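Every chain is named by a letter (A, B, C and D) in the order it is written, and numbering of its residues begins at 1.
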Amino acid sequence: MTVSTASTVTVRVLLFGSYAEAAGQTSLTLSVPAPATVASVLRLLRARADGARLPERPLCAVNLAHARLDTAISQGDEIAILPPLAGG
Amino acid sequence: MSFLSDQPLDLSALVARVTAPERGGIACFVSVVRDHHEGRRVLRLEYSAYDAMAEAECARIASEAEAKWDVRVALAHRVGRLEIGEPAVAMAAAAAHRDAAFAACRYLIEQVKRRVPIWKREYFADGTVSWVEPRQAARPAEAPAEAPPGTPPPPDHTGHTDWGV
Amino acid sequence: MSFLSDQPLDLSALVARVTAPERGGIACFVSVVRDHHEGRRVLRLEYSAYDAMAEAECARIASEAEAKWDVRVALAHRVGRLEIGEPAVAMAAAAAHRDAAFAACRYLIEQVKRRVPIWKREYFADGTVSWVEPRQAARPAEAPAEAPPGTPPPPDHTGHTDWGV
Amino acid sequence: MTVSTASTVTVRVLLFGSYAEAAGQTSLTLSVPAPATVASVLRLLRARADGARLPERPLCAVNLAHARLDTAISQGDEIAILPPLAGG
């Protein structure tokens, strides 16, 4: 295990609905500095050209469950950024 | 058990699945595709889901209902293309006492709307197509029922449709 | 419109009757014949009604629900011989808003139980047959909704099974 | 019109469920002194051998609608004496 591996967390990011449409993609892989939270992923997404206008507090999920912005994330986690829900 | 279906929903099948001799009262709820949205005529719509999470969330909601009340529940959400009048979601809760059946059924629909990652794209008569985004989207609590103290306020979705444009 | 039926009840038919594009949320309730009553095994039962009044009372209940909420409702009560698990009563209330649909559906079942003149005869596994008489029978209000001031207290049914014996 | 006709009210009385079973009949015609109420009919029923044990305040209906014991009744009305309801 190298220092660089230990100090970053690589996660899969999924985008849905209008977010996926706006970003032109439904999934991407991101590496963020450890320790990382959902907010770290959002910051990195916002730094990208296609993420500049992501809302301040979007709905997020980690590993198929709703998460808070301060939810810690680990190597290999699946992070989903969810537009406002419209089921039911 | 799959909660998402790309085939027409069958309320009677859900009712049959939960009914038992000791659970004789069954409350159900169905919602069907409306032909209008904010004054514009809708021709049809398309539901899409974050499938794995939607299945997991529906399973959690069903378990919660069965833990909170002495009920057996069943629910299903349609995905894919739907025509006007087709059921989008259907659910049933059976109990020995109708109070529990109604309370559980109500819980199911409220939690489904609040927590299950499903999105709706409406096809309007004027040729436009748009994602339906509730104006007051609630933030689902991480915990099964009430949000714990310190839960952040509902997300600000202002401008979310512009993201990346 | 007949509310009593000696044929199996069809919940889907009731749902279809009330659903419309502008009334997209449908709450329903069904109760089925239980296999036990106060610890004794029931084989089947028979419902009988004061037909003309039961029809009139169901019509009044439906009208009241449609006057109280912006809903369309349908209800049906089975009469005659029923086997375990068969629906005894079924109802549906459709509205633009699910609060109204649930409230109206709940109103229907409460009022049906309280006001519609229907009686139930249970056939037990031990060979006995008896009329089911709720211990706490409520006195229906004469007025559609709440009882007016001065309404007499609930009737005392003590000894009613002995009447004439 | 004779005095006796004017001073009595003749009504049809229906019995149901356990009441009909106990009385051995489902309907009868009764004449009660005018002015009459539901309670008048109940008093007359109780005076009969098969009505001796009718409950104090049974559920009653007049012309297909729930009625109170003090509801007035008229010539030709249909009065129903209802055992505790068990529908639903």
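The rule is short, and it goes like this: a contact is a pair of C-beta atoms (placed from the backbone, for glycine too) under 8 Å apart; a residue touches a chain by one contact, two chains touch by 3 or more.
Bear in mind that the values here come from a model prediction, so they are computed numbers and not experimental data.
When the partners of chain B are compared with those of chain C, no chain appears in both lists. Inter-chain spacing, taken between the CA centroids of chain C and chain D, is 24 Å. Taking each chain's centre as the average of its CA atoms, chain B and chain D sit 52 Å apart.
Inter-chain spacing, taken between the CA centroids of chain A and chain D, is 76 Å. In chain C, the residues touching two or more other chains are 31, 109. Going by the touch rule set out above, the chain pairs that meet are A-B, B-C, C-D.
If you check the complex, the residues on chain B that touch chain A are 31, 47-50, 52-54, 56-57, 77, 88-89, 109, 112-121, 131-134, 137, 139-142, 151-165. Put simply, chain D touches chain C in their complex at residues 14, 16-19, 21-24, 50-59, 61, 64-69, 71, 80, 82-88. Chain B meets chain C in the complex at residues 11-12, 15, 19, 21-22, 24-36, 84-85, 98, 101-102, 105-106, 109.
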